[in-house]
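For clarity, chains are labelled A, B, C, D and E in written order, and residue numbers in each chain start from 1.
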């Protein structure tokens, strides 16, 4: 509220110049590898990209629909493992492998969504948490397939036209950009359609939503599936990036990190997912000199954020006028004769 | 063998139940999933070994540890959670906050005590008792009795006393409770104190049994205890105890049938199965919402 | 010749990458200290090739992600000639390809995954090879103790699983031993009663705890509570003062093979142990001793090589034979070190040579 | 002597100024009505008196003592009690427990029992539903409970925020009758009502609130005949 | 058959029979009111009609179709929408978005269309927005279009809830105490508004305690008590009914 006017101007300004700003941003993203950044920095940037995808995925569930998941590391793991196993053991190309991984994570999303339909709040959160733990147990024990605690090594990089994408040739970076772009587009499309509105309505008041004819159960499941699929894709990409995965890559902390990004950035927003992941991925890197204090500081950051800006850093109610197509606005000018108006 | 494993499972379950009671207490009164509970639990045990190392003697160290951990509970609330309640922040904010708190406590403990596993003094010379061919340690029996007492005390407190009525009012609306003349600050502080103290009691009993203490000791048990609390119907003390025991026994069965490696996820499998059939847990009643 | 040549003056840097925070910080810290002690020794004698040696420490939190990012950071510093680290095999193996591609030597004093050292020519392991440790245990069981029914309790990590498999293989193939059960237990759970009940039921006479002291001590305690007769056996990883502190009474009689013995009268060992104990407050573990030796090997190789050229340094390292406090170390063609073992037993709250007790 | 005195009270919600300098007085034994359209600031005024919102400036005096910014529970113990807009019952407690909570500041068990009996006589529906969870009661039933609960603490001053909301006509009449009866027992009342006609008929004096300030005040006869009040609040019908 | 016909419905909560063998009818284009004491079971009737509760027995026909036992969503699609006794808006959505959610079942494009942003999607989306804006204009909320629902004053929230119900395309509107919390002037405005809706061809079933609204608006009135119908008739008939007077209206003027 306090920053009302300041943000108003900024938001309007950004909106006004959204095309030139977008173009600059896009050029910057495309040209990033040629700015002479070290591989270390590029790797961090790619990690930011991956976590943005993960956050966008969780955002559909938590931000749009209001279902808090503490177990997204489970979908992340399934996506990574399925992709890696298909590529390693069946020598399938990344694209079909990731595609199958998305289908399987989607099915898992469905399976997790079904029993959680009747659950709310805490109950739902603990079930998602449990799901991730179960996934981890399967990974650790299903040795013939997952290689157990030894993890999977030498996961090949995606290759196109005979060229392996690597960090060095920036292939992995551009590939990440493409995936990120697709996912972002999907999220915007969801948000701006009746699906997005239905999910939001469910979050706000489930009973009222069902009284609007929204099949709340189906939509919640759909949110689960979409969220899982996006997370699974991010997992597949992650596996090929790091080329080694084991159960330790998918712990509870990862789930919490994704959730923190969503909340810190601003639940339900898309801008926030980018901003949140930049913040939370870069933070540990620059905080290295803090050593042990790093986690304490991290904890403090979470606490202070929730205390002073619980809606997230970039979470605010937009003040831009809703875009009503012109001919309707005209009609709106002749103000209503009938209709109870209060003076 | 089966009997022995059942006893082992019950003993294990008692540990979960002891911790679960704390989750239930804080959730029951404040509708808050306190993710820092596991760290607070570790804090309790560390305080005791600290005081013991300064030659306070075991009993004073335990009392000091329990009180101090209770105070830590109050501190957590005053510093981090009460401002959120004042602003009517959504539940997820408090959840993230308690996770933040958990990081802080755990890492401060690591810095102060190191991450290695340390010994916890034996509370009393424990003996093995043979019941119907199965071996049970006297410490386990003490744990069992302690949690039943804890259950009874808390249930009586919340259900039948005036302060309990105040606690339940605060649960539903802090604002209205205060308008009815209830000192909500005190009630909430009291609840957090009980939550912290119960965590400390749990950790002292459990550490006394295993004699191992380290900063992250609360994580895995904490998660399982949380599952146990939800399984029984979070906010219900008897639910927490039964939930804990069910999970303990289920783990024992799973370990016997499939091997110890499958043990840890049994808690969650059972939890999911139960919640599918009874969405509010074993003893939970469906929330009412008047349309 | 290598593309990145380090400059000829200024300190010569070695990276140390371990978990310095989090659950396993105790290990990272102790390895860093051990490494520093070795570096100090060299610097007192004028450094190597006339240059001072400096350790650069990184915290990988024992996470693959972190390690990958750290590895990138390390290989972008041409002054660094090699890396001591990382802690878990899985983590080391995420970072290793980066080191190998960039021709940075990595020596791990802890990695135990069989595939670790074959990742590349620049990847070395200065840790005991599990199968030879089990060879020693086999000998203890069959010849010293004359026990035949063995149970294995292994920690469910990459290391524990591998070691557990090797144990099962070795004991399974020995006609005078029977493997009565193998239980994999998870990290972070301090209750082993379920596994113990199963092994006891199966009639185990000896149980082998595949894990660090943090597994072995509670395992011994809980097992002896239900079966005071059980013989507990560990691996060299568990050799740490905390085993006795944590295990108390129950630690008595635990036997395990080590390549490093802190109470040894060897002056080199004494020197290290005393310095370390003074700084750290407790005696060094075998793993810490291996960290100390790893730095020694690397510096010795630089000295013998006469330059920091990366390729020739690797070749020198492959050819070296280094007498350290963990015995004579040589790397085989894939980069694994072979070690010799002493059997230790816990008696009256102390680690002593098994031969001193049994007279063998 | 004035029981409650509000002096130049200002209260805001962030940027929204809900009260912009309110002064009013309730004397011992009086019924005072407060009318004004939606959003005028009536509920905010009650909130500021009871301490659930803190005023930016101004004073609230009760029995001559400054109670501004005291905590609600302290204020309630001094003898003010409130029945909230939108009922504010505790949904997962039973009817009886809600009443018990209302009597929280009373420690004498017999007194509580007597008060409870009195309420059950006043609202027989509540007596039939002692063990029902308050949240499952119908809208009107909840309103009865809210009023009964406010009376449990034997207040000197009773604040009623739209007590007739959602009540059936017969009950509305009953409630107004009850307000009179309560007042006759010596309890002063500050009443907020949308039903302005009734509110003005029952009260001794009244204040009209608009946009956070007192627009008009005076005896009820005066206001009932005031043309502006008639037009804005009383409506043409009736 | 009548537009809405309810036959012998009953429901119990534990031991309590909240609705007890009730019959009533609503003819197309009429305003029909249900009145009765607090706790009589009026809201419960709405909950049964909209599928939130399943009646223990009885049948409900809407436009000749049996709708009891259907899911709430099906019932909305068939043309029945409601408002709630305690307002249930989507507070964190704008006024116009609240109405757009109301158009959900009227929106025909498929989800994939939305992802591909094809013409059909864009066209329909813009139609719906225009429709929503028009509707808001009609209820007098056009100046509030960009506001967030929870920032509206109480009276406007009630209007928005009605607008949202209309947006579903319903022919029958169930309004649960729309005048509660309004002063006499405001409730008079509301009465005019409902009359307008009637003129536009909507059929309205109303629960209300404000007798000014009920008596001057209803074509027909049902009186329930303890879940049973105790009277029915034209407003004048109800006003003169002795039983209604005792059970509901209150016998005497209060002595003030």
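Quick note on the criterion: a contact is a pair of C-beta atoms (placed from the backbone, for glycine too) under 8 Å apart; a residue touches a chain by one contact, two chains touch by 3 or more.
For clarity, every value in this text was computed on a predicted model and none was experimentally measured.
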Most remote chain, CA-based centroid, reference being chain E: C
Chain whose average C-alpha position is farthest from chain D's own: C
Mean-CA-position distance for chain C and chain A (Å): 40
Approximate Å spacing (C-alpha centroids) for the pair chain A, chain D: 49
Length of the line joining the C-alpha centres of chain C and chain E, rounded to whole Å: 75
Whole-Å separation of chain centres (CA-atom averages), chain A against chain B: 33
Overlap residues in chain C, where contacts from two or more other chains coincide: 21-22, 25, 156
Per-residue multi-chain contacts in chain A, two or more chains: 140, 207, 292, 295, 342
Contacts with 2+ other chains: residues of chain B: 107, 110, 261, 264, 289, 291
Touching residues (chain side chain D, partner chain E) in the complex: 35, 37-39, 86, 125, 136-141, 143-144, 162, 165-174, 176-177, 180, 194-198, 201-202, 231-238
Chain D-facing residues of chain B, complex: 162, 165-166, 168-169, 171-173, 175-185, 288-290
Parts of chain A lying in touch with chain C, wherever the complex brings them together: 38-40, 43-44, 47, 140, 148-151, 153, 242-246, 248-249, 284-285, 288, 291-292, 294-295
Residue ranges of chain C touching chain A (in the complex, touch as defined): 20-22, 25, 58-59, 62-66, 68-69, 72-73, 75-76, 88, 90-91, 93-94, 97, 113, 115, 156-158, 160-162
Residues of chain A touching chain E in the complex: 186, 189-190, 192-195, 197-198, 200-201, 203-205, 207-215, 317, 321-325, 327-329, 331-332, 335-336, 338-342
